[in-house]
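Order of writing sets the labels: A, B, C, D and E. Residues in every chain begin at 1.
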Amino acid sequence: MMKNNKKRQSKTGLPPGSHIYTGKKTESKTVIETYSYNLEKYHHTVKDAPNVENQVSNLKYWINVTGLVDVESVKHICDQYGIHHLYQEDILNVFQRPKVEEEDEYVFVSFKSLYWNDAEKSIDEEQISLILTQQAVITFQENAGDSFDYLRERIRTENSMIREKEVDYLFYRILDITVDTYFDIMEKMGTYLEEIEDEVIAAPKSEILMKLQNNKKDIMVLRRHFYPMRDLINKLSASDHPMIDAKTKKYLRDVLDHTIQNIENVETFREMNMSLKDIYLNSMSHEMNRIMKILTIMSTFFIPLTFLVGVYGMNFKYMPELYWHYGYYSIWAIMIAIVLGLTYWFRKKGWF
Amino acid sequence: MMKNNKKRQSKTGLPPGSHIYTGKKTESKTVIETYSYNLEKYHHTVKDAPNVENQVSNLKYWINVTGLVDVESVKHICDQYGIHHLYQEDILNVFQRPKVEEEDEYVFVSFKSLYWNDAEKSIDEEQISLILTQQAVITFQENAGDSFDYLRERIRTENSMIREKEVDYLFYRILDITVDTYFDIMEKMGTYLEEIEDEVIAAPKSEILMKLQNNKKDIMVLRRHFYPMRDLINKLSASDHPMIDAKTKKYLRDVLDHTIQNIENVETFREMNMSLKDIYLNSMSHEMNRIMKILTIMSTFFIPLTFLVGVYGMNFKYMPELYWHYGYYSIWAIMIAIVLGLTYWFRKKGWF
Amino acid sequence: MMKNNKKRQSKTGLPPGSHIYTGKKTESKTVIETYSYNLEKYHHTVKDAPNVENQVSNLKYWINVTGLVDVESVKHICDQYGIHHLYQEDILNVFQRPKVEEEDEYVFVSFKSLYWNDAEKSIDEEQISLILTQQAVITFQENAGDSFDYLRERIRTENSMIREKEVDYLFYRILDITVDTYFDIMEKMGTYLEEIEDEVIAAPKSEILMKLQNNKKDIMVLRRHFYPMRDLINKLSASDHPMIDAKTKKYLRDVLDHTIQNIENVETFREMNMSLKDIYLNSMSHEMNRIMKILTIMSTFFIPLTFLVGVYGMNFKYMPELYWHYGYYSIWAIMIAIVLGLTYWFRKKGWF
Amino acid sequence: MMKNNKKRQSKTGLPPGSHIYTGKKTESKTVIETYSYNLEKYHHTVKDAPNVENQVSNLKYWINVTGLVDVESVKHICDQYGIHHLYQEDILNVFQRPKVEEEDEYVFVSFKSLYWNDAEKSIDEEQISLILTQQAVITFQENAGDSFDYLRERIRTENSMIREKEVDYLFYRILDITVDTYFDIMEKMGTYLEEIEDEVIAAPKSEILMKLQNNKKDIMVLRRHFYPMRDLINKLSASDHPMIDAKTKKYLRDVLDHTIQNIENVETFREMNMSLKDIYLNSMSHEMNRIMKILTIMSTFFIPLTFLVGVYGMNFKYMPELYWHYGYYSIWAIMIAIVLGLTYWFRKKGWF
Amino acid sequence: MMKNNKKRQSKTGLPPGSHIYTGKKTESKTVIETYSYNLEKYHHTVKDAPNVENQVSNLKYWINVTGLVDVESVKHICDQYGIHHLYQEDILNVFQRPKVEEEDEYVFVSFKSLYWNDAEKSIDEEQISLILTQQAVITFQENAGDSFDYLRERIRTENSMIREKEVDYLFYRILDITVDTYFDIMEKMGTYLEEIEDEVIAAPKSEILMKLQNNKKDIMVLRRHFYPMRDLINKLSASDHPMIDAKTKKYLRDVLDHTIQNIENVETFREMNMSLKDIYLNSMSHEMNRIMKILTIMSTFFIPLTFLVGVYGMNFKYMPELYWHYGYYSIWAIMIAIVLGLTYWFRKKGWF
């Protein structure tokens, strides 16, 4: 997250309209796929997006752009659909806050797709930009992930709801799938927190605090995405943009419910994280008490005994006890009595 | 709560309209009971719900569906009453937030019934869906609980208010009973917290922190239900849906008062939980102080004495004291003087 | 407070309209007093409230009902004045939140009168219900307290403002007196917190934490009453109910100012309570430091000395020092040097 | 602050309209000064305020009342200007929250003037009431302070802006000066907190916690004045009262900016206070660690050595080492080796 | 920050309209530069600003005033453009909150430019005032910084967007650049916090707490600038001032997004700062546990052994063991057995 800032700053001072891709260059090229479909027809082409004027009137289009390194291609496709250059920058600058902007000709949405990195128990993010036009949905993603595979399959399937309905339904489905993947992350983070909880109870180690600290950073990343995501979907579900149908808005309210649930979950995790830290810190001071008890018990037993044997180690000429026949045995008897007395006392205090 | 997420996620990627029951399969089948009644008549049938068209005009209906495993039955009855497929999903997906949706033909409400599990000192939950139509109230519950037994009895009773009034009164009574059961939970949790408080004061043990941690999770579950419940009832009590009468809204405002009281109680419990943790942690450090005091007293008494006897254990050839006749007794006198001096000093400090 | 829930729950499942008194039965009967007055006349009767129709047009009435055990009497008097059965229940159920409800024919207000219990340093509460009608104010209280004695006297006094003005002025005066008694509580709690503060500074004992915990519960009780009380009075002072005069609303705004001041005070006490806990906990760790210092000083002085005398207690045949004439005195010299050196060192560290 | 409540309560139960001065009686009498002025003329009289009807039409008046012990004089002057008796009480009751009330004939403002008491490092307060009428500003203050000296001088000065402008400008100037004195307090408190910070770093003593506690109470007093002061000035600067000119409102917005700045400062001090407490508490536990290190180092060095010399203090008949010629020297060699080894080990751990 | 208050106060009691520069006098004189430009022309003059009437109608002007010591020059230029004297004061008083004021003839904006001081790891601030008039943008800055160098270059460049567009675009660009520099600070502070994090993990030292305390003060400075900055830009982006074009407002919304991102970042840093403090404090108590373990292990091993050798150092005449031939060796055997037993016990507890 802090690392995000590092890159972000490279644009300082540049005028708006400077098209610079600020993400990681994991994809070496930019792939443009176009799916044109209606209830009867389905067509899939790679590296070719139709101009707005060339769109067939009874077809719907999904243009999916993967990899943003080829800035010119991104710019070209945006210009074809009349996207404002500020939004073009937003597509390329992957450090955006989730946002929605409604223009007369299109709706622009930008948000993050999140993935749970199981190796590092942390969260990876990818920026998705989404444009809804009259006949087409355009999506931009940084990497060729598998987020949209399910949609691809549904579009291929005849009689699927996507084929049947308008493009705003496809638009809704993309948002819905994204929010559903958030549930996956919540589930995995929940499991991870349960693991940490088990560790804290079983054998609290110093590393746990670092784990909790890192987990807290992740929780804060989630909060930073979930809250604007809720606002975004709330705005869409209450929008009166002509391209978003009343029925789609009902669906979007359903997605809104899910984002609120996500927010509630993340707040719960936040509280749990803090609780686990408290429990860990307490177990530390518990350990301390145990250490001190051992020391105190040892000392309390042996300090008086050692004194006693010291007494009879003195070299005074006139020490009658030393010459008693059973002096040595008496001293052992006294010492055993002391030990028994202390044992009784400690037991009464509940230390054994 | 975290466990909820695990199941929830199984729906990721499915299109809306996929009817999947996400709850525990405790009931093996789905039972549909229909109560038809007015002031004079009362009829009770099992496994048969009248179609909307077949409803007798001067009768009121309560259709109670128990167990949601038979997804087709649920779907069938919903379709009969024209319930939107999104709400059908909400009925089956038991991980919903409490919500209310007003449609022209019906009002859909979904919330949780909560039970105090006395064995585990934790909270069990069951999702209740509630549909108010012109002439009928339809309820869906996961298990054949006893929540509605009181209502069944009232409907059977002649001249009861339920028999007399319209179905929106029955609708209100169901919400009222649910919120009343929340008071039961609050009471039991209050008693449980008092038990923990007594334990903390009497003999603070390490397990208390885990109990408080688990209790805190329950408190958070309650908060997650009570706040949306308040919003839900607030919305209903201010609704201008034609099926909800002004008089019923007055009753609903009364329920609203109770939900706000519940919220205040749960916030109080939250603060108490935190306070108990503080008191527990403090008792830990108090214990530490006591341990250290014992060690310090022991050491302070015996360390100088042990030194002293060590002195006269030395083997120097020329140590005049060793040859004094009362040397040994003098040393005892000195040591007793030291002990008395230290005792006086500790007493002045208030340690004994 | 938790105890409140216990009783509250006894109504679970009962239909609205069930008249059950949920308070403590401290009064054995219900006494109804009626004060009829105008600028010239004053009449006081016990156990008899005039029906609305029987009210003399130029008289004003104050009907004061003390003790709620006789549910039928309460019901009867409410029915005479056409009070909705939900409010009748509210009068009898003493676990209400403070609330105000405006009806066409009357204004219903319910709130708590609070008393400082000096023996237990805690807060007692009594529910007051207040009904403003065209010509009469009706008050219901659980116990025959002395809260209204001042008002009784004012009504008896000729030419008093109460005698002169309409009943809404009496209505305002009752609220004003109640809020004024809150100031008394704040003052007593303030004094109590100052006492605790003195104790914390003088001699922090373990009980202080329990005192602070109990005090915190009281503070939360106050918050739970003051916030809705503010909303209640705010609502009244902005009301456009015809029975509440513009001039009375100006007076109510004055009461509103006082409730806000009370809220500020209670928030201050909350912060102080937390601060005192911090100071107490710190004094604990301060004590610990002092204990450890004593132990460390003792050990640091005697451990090396004890070692030294141990050395010359060894029985080696060839230990030249043992045969030196001034060996023994030299060892004392060395030990005194060590003590002086350590004393100097500790003094430099500021431990003495 | 708590002490405030004590006096406040003396009014409990009194009807509105009871004029009682609740402040300290530091001034023995009430002095009324009247400044009448316009651009050309200036006149100053003591103990005489003109009646509204007697005001000269092209003159402006400032009537300054100092000392509130003579309740009748205060009442008289208020009655002359038609001030509502509730506001008259507010003037006399010095435990008011800052507030503003707009009436047709005048604007009533009440707030606190705050002074830094350098001896006790705490805050003194004085209540100022301010009434703006068509031609006059009336001010009431408890003590003859020097707050208004600057204004007196400006009024005396020919061609000053106050002489030139209407009385609402004078009204604004009084508020402006008051808020400016708040900056003085902030500055002094800032300096004081810096002093405490230096103390915490140099030599943390137990008293610091009490200082921070007292300072925190002062911070809370400030918050209780600044927030309502902001609301008050905000209300005035957005007022459409005919006596407050649009230009004056622009000036008042400037004052508003300053009150917001004060609020930000006080919130900063609040956070700093908490931080300093944390640093202090940490320095305590740091001290503890140091003490324990000394004890541990001492013990770790001497405990094994003392054991060793103990071994050769045993009186077994057959202990070959005792008869070795270099036995004694060998034991010293071993002990020195142990010391060196432990020194090396501690140094590696970074303890020296 | 506290130091700010010290200077601020020097204006107490002065009437509005007193022009006093409250900043540091780092610049010895005030330099006025004027850039006049349109798409074709570009002219740059120093120490000479055109009067409003003398402005050429198709030219745009940027008047940049550096150094505010020459109060008269600042006053003069403001008077030329009819700036209200309250804003003139705001320009000179560098302790303003960021604010925007819209007048008929101009828009006045005041905010802070922030710089990361890498030597002291803290934040330096400079106040920028910005006035947008019909044809000109006037900027006031305290020091000749390099913040605007980029803009100077763009204005010089033919065909740049600034040359092409109206002055409100220049106005936007100045705000945009300022917010961009905030990102730089966030990045540097992020790096600094990461450094502290590394230190905390590697070797927690006492200074870290002071570093975190100072860093927290900086974070609070940032919050105090970012929140009003967001409000400021929000107000501008929603303004309907005729001088701010709809297109510029779209750009300003983009800047608004960035300020919100900055706020989110600063809140993240705040949480991280607190977490680091917790981790540091925990590492302290961890260290304590380690110290105590060493002490306890040492004591537990040697205390019983020392007792044992003490026993056989006693001088009783009749101690049979002393005369056994293998007595001495047996005692060694017993001691080794004790050591092994304790070693096993500690290992089982996981201390080694």
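As a convention for this text, contacts are C-beta pairs under 8 Å (C-beta built on N, C-alpha and C of every residue); 3 or more make two chains touch, one makes a residue touch a chain.
Only a predicted model underlies this, so the values are computations on that prediction, with no experimental measurement involved.
A.B. asks: Report the inter-centroid distance (CA atoms only) between chain A and chain E in whole Å.
C.D. replies: Those two chain centres are 27 Å apart.
A.B. asks: Rounded to the nearest whole Å, what is the centre-to-centre distance of chain B and chain E, using the mean of the C-alpha atoms as each centre?
C.D. replies: 43
A.B. asks: Which positions in chain B touch two or more other chains at once?
C.D. replies: 285, 288, 292, 295, 299, 303, 306, 310, 313-315, 319
A.B. asks: In graph terms, nodes being chains and edges touches, is this line, ring, star, complete or other?
C.D. replies: Topology of touching chains reads as a ring, each chain with two neighbours.
A.B. asks: Let me make sure I follow the ring: beginning at chain A and going to chain B first, which chains come in turn?
C.D. replies: Cyclic order starting at chain A, direction chain B: A, B, C, D, E.
A.B. asks: Mind pulling up the chain D residues that touch chain C in the complex?
C.D. replies: Contacts found on chain D: 1-3, 5-6, 8-9, 11-13, 15-17, 84, 86, 95-97, 99, 203, 206, 209-210, 213, 216-217, 220, 224, 277, 281, 284-285, 287-288, 291-292, 294-295, 298-299, 302-303, 305-306, 309-310, 312-315, 319, 321-328, 331.
A.B. asks: Once bound in the complex, which stretches of chain E touch chain A?
C.D. replies: 150, 154, 160-162, 173, 176-177, 180-181, 183-184, 186-187, 190-191, 193-194, 201, 250-251, 254, 257, 260-261, 264-265, 268, 271-272, 275, 278-279, 282, 285-286, 288-289, 292-293, 295-296, 299-300, 303-304, 306-307, 310-311, 313-319, 350
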